[in-house]
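In what follows, chain A forms one complex with chain B and a second complex with chain C.
After this line comes the complex of A and B, so read on.
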């Protein structure tokens, strides 16, 4: 009796989830146009930067790294969400993750790509990039970072592709009115998938192996990125907490952007059935846990040296807590951590999608500002105090070029995701179906379906 | 060829060259093809041997540079054989005139806003007297900058110098973040090129600025090749900067006053800046004791920068 229901529901799931593939939405067109314009402006700004040199940025000898490197840390950070959803939630047996995996992997894939791109924007001589291979020194953390980012990029590609195979087969079979090249692409991606026992077995095994492998790679990416700064002796960077501090900051920002992306997709692509209240409130709990952890890390990172006020740390801390950067610092702490924690502590807020998304925006924007706080103030407090620096050398405010290039990187990040969501179903169809069969609608968070499948424990 | 090489080596081992041999020294210092001509000329050149005795050798046995092809890439990465350069800065003599900076900028064709050697005014604590602090690159023996370079564009040479190859630098500026002394400078735009021709490999050029690359004090290695002192040393009217070879245990200042390095470091309580960082700088400071100039005005620099 349940199998009829499941068949009916399967039909609905496939019809609804396949409907977004290749469909044009009015709002989406506008978004793509705006983002493309930003991207073009950024590319022009980059060309100007390549021609004139980094003089067009606000970076100078003291603040020698600016928002490009801050954005590198931001992109590496949000890329951790893929590993969190696909690995941590998988092994903690959270069934509600099924409809979320592809969104998480798409965020990861796009973020890692741009994380790899940011250092190139920051390089003085990008045309010598290949020197990293021909003259690379494995002792340099930059080489570790490149190795980690490239590994993670390929890992994420595989992880994005594997669960896509059955869906590609479905698209190959169902979407017969697509242009020929698209059908060819789907056919190729489906790799002869028939859904037989052996294929399923191998696919599941592959996904399982990948979800184990991806976790250490994901953690290493962010840890090594943290090491880029913590391997130096500068005040504020010279601390062993940097690796875990970055990892948890990343998980927090990743969770926030996941919630935001879900809300955009839910409304924009009519996925209310699949990205439901359950998912938002579950992720809100996760976000609460992560903001609490990150606050704890912040207390350790800033509180411990602030108690001691040791020589070189003292000036930096004075600057952060009371000085030039105090406003930004306290904004990130209060609006990015304390207020979100208080708000998310209330179940009423956690159960309201609107509020959860609002809190996520707070967390995400403050996480972005926090990357700035991690990089720039530290560079303004070298061991030997800045004296008689030429005009503009002792301060930093990003120039228009930097803003444009950074905005373009952000726009590109969203565009790549839209491209992925345009070409493939946003929610993994076969996993959702499998979840419904195994655990029922409620367990995986489906809402208001035409038929409701309830799987009771004793029925299994 | 083997023999020629040996002559050159043994000569360089002999080390010290007397003032009388200054002419020869100028020639010898250049690392280049050397030729030993057959017949003796009968003209003797004075030299100091390793025991410190003045000896005379025939001009023929002196390595003479014939075809100046410049210092090769490999040589510039290895450094000047047998040397271990060291600098001593006597803070008691420095009056903060900044002529070292000017001389350096002239030597390396730097615009005024770039300073490979800078003079800061430091005051360690509110009641301690301020002093002028001359800061070149410290050419650390355990350099944090070379450690992090991803492409070996900055490296430690056998002669102690930390050099930069601007044909290799990719401009990632990791070394700038790693250097605790803010010594490294970046070429944010196209530098103004001087009208000179240089034949040496990039790390031993006088002009080392290149758009998108990092640059810094190189202890004037191209001058050391010629057995001459760096520009800041010869530019210091106060005789405050000494430069020399640790292997010879001798350092010299502008006036040509040569002192025994170990003796001076011991007698004048020399120290290295921020020893606690463990970078082992090759620049020593003599504390500003018994100042030979009116000290800088007392002011509370520390509290100023804290606000």
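After this line comes the complex of A and C, so read on.
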């Protein structure tokens, strides 16, 4: 590749990707206002819950874990995308991952933050979390879960920051018209980066170490979350498949949200060259593989006990397959797995960004409902039914307070993402440049770059 | 002579009040003397119910016996006194104590009795049951203390990961220290 062309392309990449920093997203005001209102309503609802106690929720003796814990599993799940893109794809030598790493890491960071927050929302007395540190039992999966989530959050912060250093230096040097506090922030974050040999050596070493470490940590977070329920003796949970079942469900949901987020950012910030058809098509193949694997796990998890229909599983399975939760269960299986698998099997659909995004929405919404299916019906089938409890204690439908608090958590997740992409480039600039130099535009999935250069020249 | 209806009602009301007052006045304050003895297999609780004022045994008083447990009272039997005022009940010799010191708190209660006013008397017996808490459980998954292998595994994994995190933070410090270094080649 011609060195002048590379220099020109580097210039174009830097100019285009730096231009997203601080730029207003399409309809940004409206989006932020709506999300902020939801977040405020949720905070008020949480204050009411703290004042009145968990009696304002629908959680009672049977269902003591409601949608808060279902959302915990959902957030932990989608947070795995960072590990998938930054580690698994890195070690598999997939060069097309370069423009995607920061989006994946931002999803991880935001999701794991709210994952850590969900158990606190579920507690009637959150200040007692302190006792988990002072009186925690190492044997308890709850302690493992908190330890794993905190570790993953800290690790994700480092992993988000490390590749940001060269980009922060670029922002420090190029974005000189920013407000003083922002310039100060970028200078501090750049950590004196000049791109010299030693600095590159240390940075690469750090990224390599984090890539290796974050993968088992990410898997452990979701495995331990699965152990939270599978180490109890309840029907439906008392199975050794829960760890891998959660991990693959998480990877699938993470892949779906990655595609959705990419499409939103691509259109909102005009990043069509960097988040191209190639990326959507490759991620669609990945999503297809993950939905197939998850369907296989579902067949094992539900199919094997359903064949026997024995013991304590019988009532739960009747409830899921034919009873009061049957509609939700079959919706998750058909619209969340079978239809996406059929659709993604066609190359035409995989090559269409619109269809891939549509399928991803299907998968993501059903993955969210599936977390509800994993938690709630099982809690309604305890081994020893409670004697003489009021009728309402054996059913569960979230109250307005729960809906508001949960909606606020979702809104908060998106707001954190908006905040991150407001302050930093959406696509890692230096990694994209490195990818172009090493493998070329096509290999890392950039499209129509030179055409863009010509267009710019003509415009000038 | 014509008697008005309201006068009849007033008289009936006064009669009712007089009867009630008189009935309550007949109830006595009683005393329950509790004694506990034991044989090889049972504790025996003997209660002597007497009039608190005259010390004469009270007949026809139903007494219910309880043992105090952590979250309430456990009924161990009831009986009605005869002319001697003495009744008894039994409970197993291996009954655990009401507290961690091994004290069994026995209660004798009289409630809604026609002869005697409501009252409660208590006495304490020593439990002959050895609390399992006095023999600590070996460290295990389900005991209060974690087994050594679990502690080592947990802290090694956590320590290892956090150690690497801090090493990466140290690398950031090194990046900062290596700015403006003459030997560092700018690429």
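Simple rule for what comes next: the second predicted complex is superposed on the first by the 441 of 460 C-alpha atoms of A that agree within 3 Å, B and C clash if a C-alpha of one lies under 4 Å from a C-alpha of the other, contacts with A are read in each partner's own complex, and residues count from 1 in each chain.
Following the convention adopted for this analysis, contacts are C-beta pairs under 8 Å (C-beta built on N, C-alpha and C of every residue); 3 or more make two chains touch, one makes a residue touch a chain.
Only a predicted model underlies this, so the values are computations on that prediction, with no experimental measurement involved.
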item	value
Joint occupancy of chain A by chain B and chain C, clash or fit	clash
Partner chain in contact with A:139 - chain B first, chain C second, else both or neither	both
Touched partner set for A:92, first chain B, second chain C, both or neither	neither
Chain B versus chain C as contact partner of A:62, first or second or both or neither	first
Which superposed partner A:228 touches (first chain B, second chain C, both, neither)	first
Which superposed partner A:176 touches (first chain B, second chain C, both, neither)	neither
Chain B versus chain C as contact partner of A:315, first or second or both or neither	first
First, second, both or neither for A:53, with chain B first and chain C second	first
Dominant toucher of chain A (residue count), chain B or chain C	B
Chain C clash site on chain B (candidates 97-105, 169-177, 187-195 or 241-249)	241-249
Footprint overlap on chain A, where chain B in one structure and chain C in the other make contact	137, 139
Chain A to chain C touching residues, read off their complex	137-139, 144, 147, 151, 154-155, 158, 161-162, 165, 191-200, 202-203, 205-206, 209-210, 213, 217
Chain A residues within the chain B interface of the complex	52-55, 57, 59-62, 64-65, 119, 122-126, 128-129, 131-132, 135-137, 139-143, 228-229, 231-234, 314-315, 318, 323, 379, 382-388, 390
Residue ranges of chain C in contact with chain A within the complex	141-142, 144, 146, 150-151, 154, 158, 161-162, 164-165, 167-169, 171-172, 174-181, 183-187
Chain B residues touching chain A - in the complex, by the definition given at the top	113, 120-122, 133, 135, 144, 147-153, 168-174, 176-178, 180-182, 184-190, 211-214, 274, 277, 301, 305-307
